[in-house]
Each structure stands twice: as structure tokens, then as C-alpha cells.
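Below, each structure is written out as C-alpha cells.
What follows is a pair of complexes built around chain A, which joins chain B in one and chain C in the other.
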Partner chain A sequence: MRVTQGCFSFLPDLTDEQITRQVQYCLEKGWAVNIEFTDDPHPRNSFWEMWGLPMFDLRDAAGVMMELAQCRKVYGNSYIRMSAFDNSHGWESVRLSFIVNRPKDEPGFRLERHEMAGRNIRYTTKSYAVDRPEGGRYG
Partner chain B sequence: MDLDASPMTDRVNLREELEAVGIEEILTQLDRELIGLKPVKTRIREIASLLLIERIRKRMNLTTDTPTLHMSFTGNPGTGKTTVALRIAGILHRLGFARRGHVVSVTRDELVGQYIGHTAPKTKEVLKKAMGGVLFIDEAYYLNRPDNERDYGQEAIEILLQVMESQREDLVVILAGYGDRMEKFFASNPGFRSRIAHHIDFPDYSNDELLAIAELMLHDMNYKFSDEAREAFTRYIAARVTQPLFSNARSIRNALDRMRLRQANRLVADLDRMLDADDVMSLQASDVLASRVFLKDKS
Partner chain C sequence: MPHDLLIPTVPTSRRTQHEETSMNQHSMTIRGKERYKSGVMEYKKMGYWEPDYVPKDTDIIALFRVTPQDGVDPIEAAAAVAGESSTATWTVVWTDRLTAAEKYRAKCYRVDPVPNSPGQYFAYIAYDLDLFENGSIANLSASIIGNVFGFKPLKALRLEDMRLPVAYVKTFQGPATGIVVERERMDKFGRPLLGATVKPKLGLSGRNYGRVVYEALKGGLDFTKDDENINSQPFMHWRERFLYCMEAVNKAQAASGEIKGTYLNVTAGTMEDMYERAEFAKELGSVIIMIDLVIGYTAIQSMAKWARRNDMILHLHRAGHSTYTRQRSHGVSFRVIAKWMRLAGVDHIHAGTVVGKLEGDPATTRGYYDICREDYNPVRLEHGVFFDQNWASLNRMMPVASGGIHAGQMHQLLDHLGEDVILQFGGGTIGHPMGIQAGATANRVALEAMILARNEGRDYLREGPEILAKAAETCTPLKSALEVWKNVTFNYESTDMPDYVPTPSVAM
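Let's turn to the complex of A and B:
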């Protein structure tokens, strides 16, 4: 199951050239671009790990793409996303965030039904991937 | 990653092409704003012509390679290396060989770390900022300290060499420094020499050129020499060039700053007079002659 989130989630995966253009757009707006990765596909997962620090003062997308290439080398079978931060109001706020890499096989989710008192049911979305330990989640 | 390549074509009007990229403007500005430097200016024109043709060849589909554009600038301090690097970046940008055309200027300290694991992130940080433009490494020979085997400079060198080779379309590197030390540096780091396409040597300025540079700098700041001050400054130059730590145009700029200070003090010493524009623009002989350069000259 193909996980989608963030900007462009309605589109097919962006090519590197399209990613480059988006990054250049961010840099020209003066936003700092940050790379994060995770192997937990849950939509509510907010614990993405940072690949280095957000990149400030870059002029050209090639710098960001260089980091993306390095990150893919190490975490090529994980989710990787880019976020752009705008600090023009005096605090950093996310302006744009999109997925730039995903595992080769995404095993998807199951719905767990937790039967409660009074015929109530609680639902939980669980990804098959997290049943396996960190590092081995996508084969 | 050439996102905005010009359209393919099989016929090109050279004059129109030259006008379209607007480098003639930069080149004449270079001629006008930089005194002397004949060999440097000639080399830059040659490189610009080469790149103009290269650009046309690309559009005619005769080449797809990005030419190697890394350069080395050798010469004594204050001979205009940093200034010329800025102009070159502008030329490369207009010709489409540097997407952004900015210059990031660094020395060893900004590239090499203090402990294990510190160097690679530092070097990469600088490289990322320079992408799309020119990375100017001043006194590049300090990158390696052959006497210290636990030096982290080598790590920075390896990262630089790799990016210079694999990301030629993203970054132009200019290594600068004294001629003799650069020569030694290249001898012990052949990887650099083989990746550098253009070596440009910056000669020392003649005394006449130094005077012309002084006049140009003063003109830009809305100052001028009185006739006696000019004569005194000619003698100042003759004495200064023989003294230690002389650094060409930079010494001239510093000397002018001190003379402006003396001029201001001279003017403020007499509060009861009316000043006109000419008074506050003019440097007088006494502003020049108070320099300690003349003291040493006599002793």
C-alpha cells in the first residue's frame, strides 16, 4: 500500500528533477530545507529523525540534492521527506513538506478491532512493517 | 542538472549571442575598474571566448560535457585575486556555467575540523552553500600540513577532489595563494593539478599602477589628491614597496584610510573656518607626509 502524506500526496512520486525544482523554489523563498527519515509509516508518526541539521543559506538546490543522495545511500529503504521552514515571522514554521523516498515494498496496514464493554469497538490502524524490529521492517 | 538550458539550434549569430549573454559589459567593466593586470584580463577574455563557443557547441548538440572550469589564482596579497574571482563568477553565470553566480570565500578554518568526524560535515556545509556558484579557497596550501600526520586537512582535500570531479556542473572551485607555495601544494596533491583547467598568475603592480589604483579608490570615495599630495604619495609608494608586509593594492587602500583619518583631524583642529566641498574632498601633502613610512625612509 502506497503511503501518501504532505504536499503533492495526490501526485505520483516526484522525479529527482521535480524535487530539485521544488527545492529551488523553497530556497528562492528564503526557506531552510530539512531532510528527515523514518521506517514507521503510520500517518500519525511524528517522530521522524533528522538527517543532519536544516540547511540554511543555500543558494542552489544541488546542495540539498547532495544530502538527499547521501541520506538515500544509508536509508534508501525508508521513508524520506523534505520540509521547508519559513522564519519570516520570527519563528520557524513549516511551509511545505513532501515525501522524496519510500521503501521498495510497503506492506500496508491492518485495522484492529478492540471489543469493549457494551458492544463498543475501538479501532487501531497498525502497519505490518512495525511488527518487525527497527532496521528490518522492509525486508 | 541544467534545468533551463537554451534551445537547440544549428545556426548562431555570434554577435547576437554575445550581446544576449551580456558578458562584454562585464569584460569592459573589468578593464575599466581594475588597473593594470594585463595578462589576467587577457586570460579572462580567452576563457570567456572559449565558454561562449562551448555554449554554442552545446546548443548545436556537438557536446554534452560540462567543461572543467576549476582555476588557480596565484600571486602576492592584494594583487586582485578575490576581486577578479567575483567578476569571473559573474561571467560564468551569464554564460550559463554557474546557475547562481555567487562566490563563497573560505580558508582552511572553515573547511577543516578539530577532531575526528568534524571535518566532513564542515567541508560539506561549505560545499552546499557554494553549489551553483564559485568556491574560492584562499591560501589553499594550508589545507594540508604534511608535517602533521594526524591532520584532518587531507579529509577535506579528498571530499573537495571528489566534488570537483563529479559535480562539475554544480560548482567551480578557485584555489588562490602565493605562487611558490601553490606550486609545492600541487606537487604534493597531483589530484588538484589535474582537475584545474586554468592557472592565472597575478603579477605585482608597478609603482605607476599603484598610484593609478590609489586615484581610482579615492575617486570612488569622492576624495582626491592635491597636486602636492599626489607628488608626496608617489614618494610614499616608492618607500612603501620596499618595506616589510607590503601587500600591493591592499596596502594602498589601508594607506588611504589612514590619510583620510589625518585629513579629518587636520580639518577638525580648526573649528572656526568655513569648509567647502573641495576642502573635505582634498587630501593634502601633510596628510601623506605624516606617515611613518617616511620615518623609516630617512633612518
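Let's turn to the complex of A and C:
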């Protein structure tokens, strides 16, 4: 399967050149770009690990791309995403987020059904990968 | 186009300009003992026409389009609207003198002829804050539109816009969730959200209905939606729908790794039934519920409070609004309904598509979208926005574009509506020749390709068809959607559009 979180997951994987242009768009908006990675892509896993702090004072996308290259060296078989934060009043949240790296193999999720009273079912989404400990999930 | 200068659609004649200035000249109010002599007195002499009045920051201001009957003085007609929407009755009453009557009288302070519409006048009326109950749309609307719309001396009357003072805005909860928190909960940033209304809207069993939901969500949509008239009918009772829909939502979430939702319509005949349905939706883990505008303002406010207490996104379908918003001369403008709904506290509101099958002039629609999404709306006569409006940090409300739109219009939709919007492709998903999943995928790919291009700085509006064609090279469903719907447009004259158009200012 393919995890389709983020803004561009339905397109073919972005090239570094395409990623650079998106990052530059964020920087020109005055947003701080953060690189985040995880090997637990559960849809409710809000807090991926941060690769350093959001890059607040950066103006050139090249700096972000260097950090991405470093992050890929260490976590090349994890999910990596770019998140851009807008600190302007009334937003103060993420304004763009997209996946820039994926594991070679994405096993996906299974749906567990716990049958309750009546016809109610309690659903749990479980990533096949998280059965193994953090760090060793994608080989 | 620079538009520092706003002029009526056709240049105002000198006569009209003269009329406009002379119309607003004097107060005719009779004061003292004479004012309270028993009998009938013109409204404009009773204190409802005060051209020298300067509205206070805390006043609520209403702008009416007044069409007096032939031979009725427009000033008197406007004063009557002020009177009948506040303290007046048809004759002088001595009991006025037991109150601070001057404070409670609504004051019409300005009357302008409507550009290019002979016989119509814009009347600006100011209401003191103490005339209204805190946090009650029912009270606000009962005052402003409760009594005057059938008034005999008027041929027609329309409430065009309102200025709601911060002091009043702050007495309302506002949208239960708001755009920012909705995006955080849904984990979706930087692009419009995608939805579809399940079709056919009547007749599917719960199991068949859930099938459509599953296919559409798995194919790439973020939301599916019950239609306004899907409640609990013989072909599908509400519990069946909720159970099968949540199976579909959860399966699609597991298949995509994304958060998904389906607007479960809890509209019912009584509040008790609505609460019961909302509670069940919550128990099943739904992120969103839905109500129809026809349940009424108080019911909407009750559901908004329930939604805030229960971390639920609240979708409003504006069912029935066109009965009073569509005609230009009579009724209530949708921009007023949008303002009331932001106060009332819904998170989503249908606000037009511009390019789709339902009414919506681009400039007027832009005005509605700004009212939903901005923290401050400056006067924009060319968008039909007549007042500065400060929303005082009330949450932003997500506009929904639904009705006759398809993937081939993605560049136009993004240009007209921006990125904080839900694009709902019902027929444009379910009617796809390769099936519902393919229809959903076509929409999602078209959207992501357009956002990518926009962020790269491309002139996506002009290059739109090219961008879509390129994306279709690696996406057969999009290719086939573009082919099927390539010639579908809905070009009809709008019945409601702004009275003012921008003209380029003279170069200095």
C-alpha cells in the first residue's frame, strides 16, 4: 500500500528539485520548515520525531535540502515529511505538510474489529510495522 | 486591477448625485410634548430618521434595500423600517415616555438611491446594543427581520448586510472547531479538502450507502456527505446508515493511513432526536456530524454548543436558503446568513462554487468566502460587503463548494475559492465511468497537481488545462474524467450580484 498522508501523496514521488520549489514557497511565505521522521505512520500519530528544530530564520531552500540529505542518510528507510509552520495570528499552525521519503516497502495497516453490544463495532487501526520495536520496523 | 475608486455600474447622473446629497439633509424629528400627542405621526417625525446620527462602535448596523410603494417617500419608508424593526407601532403611544425611548429607537441615518435600480434605496439603520439579547441569533433576527418584511407601504425589502460590533460578537461561541483545529484533527494541510455527497440521495439501503462511502474515501477523498434530506426514512433508518458509514470510514482509514470522515446528518424532528443521533455518532467515533439550516437558528446554536463540548466538527447544509436569499429585491442576503452562522457556531457552510450548477456570481461569492474565513472584513462594495467587520478572533468557518463541479475545473476552483475550502464533487466522483474510487482518485490527483503548480509559482489559472493533462499522463482515472466532463459548464445569468463595480483609478 501507499500511505497517502500529506499534500502530494497521490502524485509520483517528488524529485529533489520539486521538493526545493515547495520549500522555497514556504520560506517566501515566512513559514518555518521542519523535517520530521517516523517509522510509525499511524494516522493519529501527530508527533513524528523532529530532525532538529524548525528552521526559523532560513531564507534559502538549499539549507533545508542539506538537512534533508543528512536525515535521509540516517533514516532513509523511514517516512520523512516537511512541515511548514505559520506563526501569524489566527493561524499559528502547520500550513503545508508533505512526505518526502518513504520506506522501500509499506506494509500498511490492519483493521481490528471488537464487537460490542448491539451491532456496534469498536475499530482499531494497527500498523503491521509497529509489531517490531521502534528503529527496527522497516528492515 | 487597482480599484481605489468605486462607482455605480453606470456613471451616476448629476441629478442622482444631487438627490443623494439632498436626501440626507435634515432631521424632521418632533421633540418634547408635541411628539407624544395621541394620533398617527409619520415615522420620520417620530425619531426614526436621524441623518445627523453617528453610529456608535457598539451599535448594530443593518443595511436594507427598500423598495417603497409608488408615491411613498423613501425617507419615510426607511424610517418606517427602522421603527418597525425596533420600538414603533402604527400610532403614538404614551408608554414610550416611561422608557429611555430615544436610546431604544433604531435610527435610520442614511438613505442612498441604489445605483441603476430606479425606485430602490439603501437605508442604513443603527440599533443600540441593549436592544438585543447576548448570544441569540433568534433574538437578533426576530428584531431585524421579524416584523418589517410584510409592511404594506413597501413593495419589497431586503436585508443586504449587517455590521456586528465586537461587543456583540464576543457574546457568541463561534464555530465549534474552526478551520485551524479542523485541519489539525484531520491532519490535512495546504490544500482544499475533498468531499462528495452520496448519490442517489434517496433510496439506498444502509449497506449500499456505506459502499459508496468506502469507495469514495478509499479512492482519495477526505470526506463524504449525507444529503440534506437523508434523515431516517423507510429505505434506510439512521442507525443503519451510521453503522455502515463508520465501517466504511474505518476501512478507508486503514487502507490509506489517512484520517477520513463522513458527515452524518443528525437533522430530525426534535432536539431530543438530534441529540440522540449526535451521541451515537460520537460513540461510533465519527469526527463530524451535520445539520440542515431548516432546523432553525436556536437548534443550530444548541448543536454548535454540543459540538464544542464533544470535539465534533459541525457541518451545516444551507437547505432552504434560496427561498429568501436569491432575489435581489426581497429577502435576506446570504452574506447576512453567513454572518449569523459564524456567530451561531457551525464549522462548515455551503457558500457557492461560482462555476458549478447553483446560483453564484463570482464577486458576491468572494464576499461570502471572506465573511467565513477572515478575521477582519474591510468594506468591499464590489463584493457586496458594505461594512468593516471585526470577528474578534472568532474561529474561521470552512466554506463548502458543492454542486455541479468536476476535476476539469480544478484551476478555476482554486483561483476563485482559495485553499481553505471543501470541494465537493458528488456526480463528479460517483458518475466516473471507471467507478467511484477512480472518480475520487481523479479529483485528488487533479487537486494535488494544481497545488504543486501553484506553489511552484506557475500561472496555474492560464496553464490549468495543460497542468491537468500532464497529471493525467500518469493517472488514467483523471484522463478519463477530463474526457467525460470536458464540455460541462453552467453559464447562466446570476440573479444576485453587487451593485457596485470597481473602475481603475486615474493614474497620478
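Quick notes on this structure:
Criterion: the second predicted complex is superposed on the first by the 132 of 139 C-alpha atoms of A that agree within 3 Å, B and C clash if a C-alpha of one lies under 4 Å from a C-alpha of the other, contacts with A are read in each partner's own complex, and residues count from 1 in each chain.
One rule holds in what follows: a residue touches a chain if its C-beta (ideal position, glycine included) is under 8 Å from a C-beta of that chain, and two chains touch if they have at least 3 such contacts.
Values in this document were obtained by computation on a predicted structure and should not be read as measured data.
After alignment on the shared chain A, the placement of chain B and chain C results in a side-by-side fit free of clashes. Ranked by how many residues of chain A each touches, chain B and chain C are led by C. Once both structures are fitted onto chain A, a short way to say it is that chain B and chain C open up an angle of 100° at chain A, using Cα centres and rounding to the nearest 10. Legend: residue contacts after superposition of the two complexes on their common chain; A:M66 is shown touching chain B, with no touch to chain C.
Contact with neither chain B nor chain C is seen for A:S78 once the two complexes are overlaid on the shared chain. Legend: residue contacts after superposition of the two complexes on their common chain; A:P43 is shown touching chain C, with no touch to chain B.
By the document's definition of touching, of the two partners only chain B reaches A:G52; chain C does not.
Once the two complexes are laid over each other on the shared chain, residue contacts for A:N101 go to neither chain B nor chain C.
Residue contacts after overlaying the shared chain place A:R110 against chain C, while chain B stays out of touching range. After superposing both complexes on chain A, the closest C-alpha pair between chain B and chain C lies 11 Å apart. Contacts of chain A with chain B, set against its contacts with chain C after fitting on chain A, overlap at residues 21.
Note for the complex: chain B touches chain A at residues 1, 3, 99-100, 102, 121, 124, 127-129, 131-133, 167, 170-171. Against chain C, in their complex, chain A makes its touches with residues 1, 3-5, 7-12, 14, 18, 21-22, 25, 41-44, 46, 83-84, 89-98, 108-111, 119-121, 123, 125. Of all residues in chain A, only 17, 20-21, 24, 52, 55, 57-67 touch chain B in the complex they form.
Those residues of chain C whose C-beta lies close enough to touch chain A in the complex are 180, 183-184, 187, 189-191, 220, 243, 246-247, 250-251, 253-259, 283-285, 375, 393, 396, 441, 444-445, 448-449, 451-452, 455-457, 471, 474.
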